[in-house]
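Okay, so subunit A shows up in both of these, paired with subunit B first and subunit C after.
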Partner chain A sequence: MPFAFVDTLTENFDEFLRGFGTTVELVVVSFVIAMGVGTLIAAFRVAPSPWLQRIGGLYVECFRNIPLLVLIFISYPGLRRAGIDISAFVAGVASLGLYTAAYVAEALRSGVFSVNKGQIEASLSLGFTYPQTMRRIILPQAFRTVISPLGSLIIAMIKNSAILGGSILALDDLLKTGRVVASRTFDVIPAFVWAAVGYLILTGLATVAIRMLESKYAVRR
Partner chain B sequence: MTGFAAFGWLTEGNNLRFILEGFLINLEIAVVAIILALIAGLGLALLRLSRNRVLSVAAGVWVDVFRNLPLLLLILFLFLWIPQSARDTWEDVMPSWMPEAWQSGLMLAGLSGLVLYNSAVLAEIMRAGIQSLPRGQAEAAHALGLNYWKAMRLVILPQGLRRMVPATVSQLITLTKDTTLVSIIAIV
Partner chain C sequence: MKTTRWLAVLALVLGLVLAGCGDDEESGGGGEATSTPAADVEKFDAGTPLGDIQEKGEIAIGVKYDVPPFGFNNPSSGKVEGFDVDLGQAVADKLGVKPKFIEAISDNRIPFLEDGTADLILSTMTINEERVGQIEFSDPYYIAKGRILVKKDNSDITGVDTLGGKNVCTALGSTYEATLKKQAPDAKLKLVDSYSECLESLQNGSVDAISTDDVILTGMIIQDDSLHLVGDELTQEPYGAGIKKGNTELKEFVDGVFSEYKEDGRYGKTYEKWVGQYTDTEAEPPDISVDEAVELVKQNAG
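Let's look at the complex of A and B:
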């Protein structure tokens, strides 16, 4: 029996590797989107203008409270029916990225608020403009305090990336590979266990990387 | 397809009723999964904190594995792996007054996936809550002559669980959103 277990991996190794690669690709692209959009929205939420704050708040409330699967339904079949020719990959990473961006924005906002208000006042009175204050004084400190919340978001994102492969998008990621192998060989348990091992490798690596970053940068309290 | 015309389908036929029925099913799954996951999570947290080394390591591995796997992977795996006989048993024991969606054996896979994943996450939250208490609390309870279970029930858990309310609530919101995933294994 244990050999049959290993056989499932060795016989389908290329397929599993491709699935693993796709999952990594999905996670990396979504992460870039999530960080970019999330930082922008967080900046909106802490901006001095009430209108920008409202827009940021609306974004966060919408994307944080809609399940990812519903976002996927809106962004892929929904947009295609509306006549926009969007590919499954783009719809997937956009959904996952924008969804995670709302969480990133909340994490960054709480990080910004953890920086003493006096620092903003001091930097404004020294003649920095508001964007300069953000970029040079507040955000570098905020990023340090939010390393661990961001880390758990990355791990959640790795896990959520499985939804892209399992749902109607049917991207060839690790979960989809596991499913395909399971239904072709009828070795359900080994196929899913190997897919699970792939995800555990990713989340494990992320955990280790975050621990290292934390011990290097995190603010001791 | 401009303005409210895009929502014309909502009032056509039984569409609104279907949507509301679906909403109700999500709600039912969420409530049942929340109750089961809270109970299982507390059990796992207590095992994790147990003084028996084997139990605590085993619970730790269990929690770390299921917490780090995608929920959808668990649901799909259970969907394919749970034998037909177990599904049939579920369909037999489910009383007929339960809603139609619950009569399906697929619910077993969806529900156990949700509970497996969320109980592991909640166990970790509860463990953190319990461990955040100063050690003196447990020591004082023992010094007062309370045994392990009494100390847990009367001193540690009431304080520890209160501390983890915000984290638990946010996880339960995530659980509620994750009930959408059971649609992938065609629970309608």
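Let's look at the complex of A and C:
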């Protein structure tokens, strides 16, 4: 029995490797989008202008309150029908990236609010501009408190990437590879166990990276 | 007071409904009666399988409810209609009983025969070796073919040998996944969970073609007439009516009805009504035995 388990991997190794590669690509590109857009929206949310705050709030409420699968339907069949020649990969990473960005923005905002307001006042009165205050004083401290919640979001994003392959996008990611192998060989349990191992490798690496960041920025208490 | 008024209204409504039903039966049954007059009905002895069905006055026929144009619930008439339903009606007429159509999905149709829920199954069921061991099959009444569906304005794809490098959609886990990998190894397969996702993908241009049974593809053409079938068939799937194991009396009766149906021109009309008018193809009533059908299916896998 254990040998049959290993056979399922070795006999379909190229396929599993390709699926793993696709999932890595999806996760990396979505991560870049989520962090970039998330930081921008968080800055809007804490900006002194009420209009920027409203735009940020609208973004968060839209992307956090629409299910990821619905975003996929809007961004792929929806946009294609509207005449935009978007590819399945772009639609997938845009959906996952923008969806996760809403959560990243909220995590960052809570980090900014965790820094005492007195520090902003002190910084402004010392002659720093508002952007300088943010970049030099507030964000470095905010970052430290949000490393852990951001880590949870990244792990959730890695797992959410499995929705992309199973959807109408028909991307051949890791979970999809597991399903294809299962339907072809009828070795259902080994196929899904190996897919799970692939996800555990990714989430494990993410966990290690987060731990390292945490200890690097830790304050000795 | 109130109760009696309600009862009067209820009686009126019921009367109308019953009158409506009566009309339906007359028009439906009347139309069929011309082709099979009541005098034709052979009386079978009580205690035999066919006699029992005549005793009950109805034959339970399991059909698909979600496979246009073979068996589907027509929302405008509220009734199940299709190619399989017409064949079931023909069997019931020949027995002189009413057909009772029930929904039989792929997973429950063989159990339905075994426990007597259905006397006959007409649900796009391919005759294959495993099933022949479990139930009796009528002679094949239709041979579904694996085909390729594309947009009419796509002139690049003319058959399975032109699928190389193209995005082709089919259902994950279907037999077409393996068929396409063998017959069109350079095609880029897009595997999704349901054929409705394939149709959406073809319409919005994210795939170039869909490949599966012509039965399912014809259902898509009925939805969207900017699509058409191209190329030769990839596989052949002979459909047979399912009957409980050992009930050879009903099997032979159904074979007789089907061969009459094929010969007297009703088959051609039914085919044109459900399939031909959408695919521009002529009816080809299969003329093979159950054993030959099993061999045909083996070649698909070969």
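Keep in mind that, in the parts below, the second predicted complex is superposed on the first by the 217 of 221 C-alpha atoms of A that agree within 3 Å, B and C clash if a C-alpha of one lies under 4 Å from a C-alpha of the other, contacts with A are read in each partner's own complex, and residues count from 1 in each chain.
The rule we apply is simple: contacts are C-beta pairs under 8 Å (C-beta built on N, C-alpha and C of every residue); 3 or more make two chains touch, one makes a residue touch a chain.
None of the values given here were measured: they were computed from a predicted structure.
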(message) Given the alignment on subunit A, is it a clash or a fit between subunit B and subunit C?
(response) fit
(request) Give one of first, second, both or neither to describe whether A:Arg179 is in contact with subunit B, with subunit C, with both, or with none. (result) both
(request) Using the superposition described at the top, determine whether subunit B or subunit C touches more residues of subunit A. (result) B
(request) Once the structures are superposed on A, label A:Arg54 by its partner contacts, choosing first (subunit B), second (subunit C), both or neither. (result) neither
(request) Using the touch definition from the top, say if A:Ala88 reaches subunit B (first), subunit C (second), both or neither. (result) second
(request) Pick one for A:Gly166: touches subunit B only (first), subunit C only (second), both, or neither. (result) both
(message) Contacts for A:Arg136 in the overlay, against subunit B (first) and subunit C (second): which applies, first, second, both or neither?
(response) neither
(request) After the superposition, just quote the angle formed at subunit A by subunit B and subunit C, using C-alpha centres and rounding to the nearest 10°. (result) 60
(request) For the combined overlay, can you note the least CA distance between subunit B and subunit C, rounded to whole Å? (result) 7
(request) Report, in rising order, the residues of subunit A that make contact with subunit B in one complex and with subunit C in the other. (result) 166, 179, 183
(request) Quick one: which bits of subunit A touch subunit B in the complex? Just the residue numbers, please. (result) 65-70, 82, 155, 158-163, 166-167, 175, 178-179, 182-183, 188-189, 192, 195-196, 199-200, 203-204
(message) List the residues on subunit B that touch subunit A in their complex, please.
(response) 1, 65, 68-73, 76-77, 80-81, 177-178, 180-181, 183-184
(request) Give every residue of subunit A touching subunit C within the complex, in rising order. (result) 76-77, 80-81, 85, 88, 166, 168, 170, 176, 179-180, 183-184
(message) Taking the touch rule as given, give the residues of subunit C at its contact with subunit A in the complex, in rising order.
(response) 169, 172-173, 177-178, 190-193, 197, 200-201, 203-206
